[in-house]
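Next come two complexes, and both contain subunit A; in the first it sits with subunit B, in the second with subunit C.
Coming up: the complex of A and B.
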């Protein structure tokens, strides 16, 4: 009979062997992620750290950075153009994000139907994503320009007896709308693809069960089944679209250069304008933007978690 | 299993290290460039040429001529100097500053570069420039031959810091057919006798009323172009040009109000791309401010009769001076410096100036080139060019202080607010001047 003591007695070096195995497993894991970590460190962590470092200095690329403490941050907080840029950024996000997501969802629903030439439509809706922002900006500038030559759309409006907003001059509030129009045309395809994957991931049994339970119309199906089940997809898209929109530069640079009257100068464009003469201020504004985006993203995650708990 | 796994990982690691060590070293230029030449900095010893890097953004048509015709002449005259030319594509000061941040003996650092004089202050503060002032004082004939206004433009803190390469200004492009239809006389090309502000405003009204679908003047918004052209109006109104424009002065307010009134009365229209001559070519406007670099188009334009005249004069005649300079960096050796200044001397020669400016449409920087028979014959062939050339002596340059571009960035929204949003001129420009004083620490 094997005594309990013998049964319970661990073989010699058992724990040390276990520890070694664990260390080996950990090391193996770290070795696999080392190349990606190195890339992230060099091309992401280091530049961010450098920008934060410069935000506490006065520097113009040449010469040595001079430490100025929080002066750059005080300067941007006192600058009315900075706050105008922050407001413009929020305005841009409020217009652009729902437009892209809404249009993307609509297109995804449409091409999820079994219709003739569905694949052709999918391609057509996706092609704008392959066009560069610069090309799209130039095309839309040509289509929408109101001064001093009339673009295609203002000309059409004029022929129909309608007024087209003078977004490049006396109606600067419309300038951001025109940028959003271009941005939505170009970027909605991304949301469409993500939503399409989400739609195709919904089990058809839910719809069957719902129709048995009395859900009759397409709208009710969407409202009670499709939309709630797309919540994770919507959350992902909202977070990513906000980030991409807020840091967008090309549409503004190509179409309006931040004008007219600063109406389309977002925080990113403000950063661009301050570079390279006022790199410290430019970096302080960049750091502010980074922190704002991180906080916004965290807030969204927290809100999403709360909602999941409730549901 | 574990042993074979670790063996494989070790092999992979060793292979990676060996591959990295054996990989050929490639020199990476600090900026994206169109031409891929990789210079090697070599000392001039035993007949070996010294290599200098010249960074520029010469427009394509002129660049082709420059590379094919002008650079070989220098190379033939100075075999001890090898100048490697790189087109940066975009005149971005940050690209050049990044290159200058490299060690002085770095073979990829720019030794010569072309950029506007507004960057001078930043270079002086960083102490990266060669002593051009001493070189010019040691060569008084060369110095005396440079147009005096351009020597001022090239100076900072009382010393000349760069060499003028080409100069330009803006002047009023006039649709003569539209003026004739309105019964408005075409102004003189002599800045001392050209139209006054009152005559200009009246002309814009008459031209607008007589030509349906056409406005008198094109007011620019939304870009640094408006700040540059503003200098002409400000100087003409008697503004102090010894320093940065005083933006809430009587002259400044008057200059802004003039164009604001034209817009308000419907005798002008706006554009966010002031340098784009399309509205004028398309006869949407009768008069616009633009420069001589459009010479290739203007010289063959026949859709309507046109001419170029100076800015309207108020207290005095004025124009805005621009152009690009040749900057020379501190170099690692005396041989490099000798080649750099040899190149400077070459670009100031009559042969170079006449050929380059005829090709590019810009204006010569030396008195002898401007007065030469060949260049005068060129002007005689294209009479409209006199409108630009005559304005040069009255030109006002952008101040070469480090924060000049930042002032322009503040100016544009204020200008737009007045022109586009009907903001009060005095109030807006008072606030603007406070902002400018704040960033200049005044």
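Coming up: the complex of A and C.
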């Protein structure tokens, strides 16, 4: 990439115009990236190093930090709540990722069939993305609440003669499900728009050819054409949704505060709980999760490369 | 694209639409109830008597300082959004168009930081801000968010596509880099500007963890933090649930209105976030 500016000039003398222009470009380049570089260095790169540093110290809100080697890591690996948090994170992702992507795919396929008022439906499915997790979490807490009074859905269940799980008290296993319900409402629209773009990229001739080859039902069309052709989209969505879910703090903080009985304490929530009194522990857990996210991203990158090689 | 349309398509779509709209209806219904009714009949969707005054009363609540927190949300959201756009456009232009030593490795480093979520960096950030005495100031809520590698990436990708000939005319006129940037490149960069505006505005308006940790008093909280605490206290002593719902409706209006106004752009912007990987 050679500058248009430098191309038009001829070198002349020791401090040639060309050289001056190069120096000017160098200076301008650094000046232009200076604010961004300073901000990213101070508020992103330095904190990454700092969090690793803190993780090797006993670090409270008061007093001088003390170097403790791997003690914080040993402490979290011995902490039952930490492993429960790791399991909870996996449980959350296992519930939240397929439901969000599955519902998004269903909505995208339905809307893509040139139905009446498709823009209206698309808007309705997408608009929850504009609402904050605080707002969504509070609304769903009230719709789903079982204690002390019954919210809309438990009341509806009762009228139908069904038991709604007491997710805020005695059925802690269901608390995560309720968070997932809220999260799916709020986020399925994202998967939908990504899938809509993917669907629009499928050549209609494939369906034409398949129907000539005897593929009759819509389910077969989906199984043998749509789904395989959407594989790259599904892969991309799965990875980005996993990362987004694992990062999730607001849904849990607003709806359950990690409870009942630690049933919705995920790793990110564990990091939050140990702050500010046990910052060394908090940072060790952060570092652990950071390494996991980096590995996941590298795995995604490698898988992507291989996929490209194959196709 | 399947040609035959079964009635099931429409039936499923309508059922889904009702389910998706229900939380909005419940929210507005709750905002119009009396506080007692909201507390004692959470299963009821519509109010028996409509209480419009909830939308006024929420401004006078002692527990949350709604007007100040609304102002805080607007100040932080706009400052971060506009700051991010300026910082990222400058850097994006340099990464795309100016040749300097170390450019490409530095850009790769910026891209690599994209995968690190704020949720894992708040401990060191908190300690830094506390040391500088920034906790509970606008500085803490604004400055750490100004450098956004994704925004830099978006601007760089855009500037790479701008034809060189457009710049050349200005170079021949003897313009410097700053003039080329502000008079030509920045005005051209409306698409990435709008994308980043929408995404950052939405993220900052909805943010909870950052203001929850970096602001410590009612006067410095943003709306999301204030609403969250109002929710925690909504059942004790005097119930404030209807006010809470009214507050949520008001806090959701700006992003929802922006969505309605910029719908197409909004959808493509959000869709782009997944493609950054």
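Criterion: the second predicted complex is superposed on the first by the 247 of 311 C-alpha atoms of A that agree within 3 Å, B and C clash if a C-alpha of one lies under 4 Å from a C-alpha of the other, contacts with A are read in each partner's own complex, and residues count from 1 in each chain.
To be clear about the criterion, contacts are C-beta pairs under 8 Å (C-beta built on N, C-alpha and C of every residue); 3 or more make two chains touch, one makes a residue touch a chain.
Not measured: the values here are computed from a predicted model.
Engineer: For A:63, select first, second, both or neither according to whether it touches subunit B, subunit C, the two together, or no partner.
Structural biologist: So A:63 only meets subunit B here.
Engineer: Given the superposition on chain A, which partner contacts more residues in subunit A: subunit B or subunit C?
Structural biologist: Of subunit B and subunit C, more residues of subunit A lie in contact with C.
Engineer: Applying the touch criterion given at the start, work out whether A:111 contacts subunit B, subunit C, both or neither, answering first, second, both or neither.
Structural biologist: Second partner only.
Engineer: Between subunit B (first) and subunit C (second), which, if any, makes contact with A:273: first, second, both or neither?
Structural biologist: So A:273 only meets subunit B here.
Engineer: Who does A:168 touch here: subunit B (first), subunit C (second), both, or neither?
Structural biologist: Only subunit B is touched by A:168; subunit C is not.
Engineer: Regarding the shared-chain residue A:221, is it in contact with subunit B (first), subunit C (second), both, or neither?
Structural biologist: Only subunit C; A:221 stays clear of subunit B.
Engineer: Once chain A of both complexes is superposed, is A:149 in touch with subunit B (first), subunit C (second), both, or neither?
Structural biologist: Touch status of A:149: both partners.
Engineer: Residue by residue on subunit A, keep only those touching subunit B in one complex and subunit C in the other, then list them.
Structural biologist: Common interface on subunit A, subunit B vs subunit C: 24, 28, 31, 149, 275-276.
Engineer: Give the list of subunit B residues in touch with subunit A in this complex.
Structural biologist: Result: residues 2, 5-6, 9, 13, 93-94, 97-98, 100-101, 122-123, 125-126, 128, 215, 218, 221-223, 269-272, 278-279, 282, 284-285, 402-403, 405-406, 409-410, 412-413, 416-417, 419-421 of subunit B touch subunit A.
Engineer: Which stretch or stretches of subunit C touch subunit A in the complex?
Structural biologist: 1-2, 4-6, 9-10, 12-13, 16-17, 19-24, 26-27, 30, 39-45, 86-88, 90-91, 93-95, 97-101, 103, 106, 109-110, 113, 115-117, 119-128, 143-147, 149, 152, 164, 167-168, 171-172, 176-178, 181, 202, 205-206, 208-209, 213, 224, 227-228, 231, 241, 244-245, 248, 251-252, 255-256, 258-259, 263, 266-267, 270-271, 273-275, 277
Engineer: For the complex, which residues does subunit A have touching subunit B?
Structural biologist: Residues 21, 24, 28, 31, 60-63, 81, 147-149, 168-170, 172, 256-262, 265, 273-278 of subunit A touch subunit B in their complex.
Engineer: Please output the residues of subunit A touching subunit C within their complex, sorted ascending.
Structural biologist: On the subunit A side, the touching residues are 1-5, 8, 22, 24-26, 28-33, 35-40, 42-48, 50-51, 54, 106-107, 110-116, 120-136, 138-143, 145, 149-152, 154-156, 185, 190, 193-194, 197, 199, 202, 204, 207, 218, 221, 236-237, 239-240, 243, 247, 249-250, 253-254, 268, 271-272, 275-276, 279, 282-283, 286, 289-290, 293-294, 297, 300-301.
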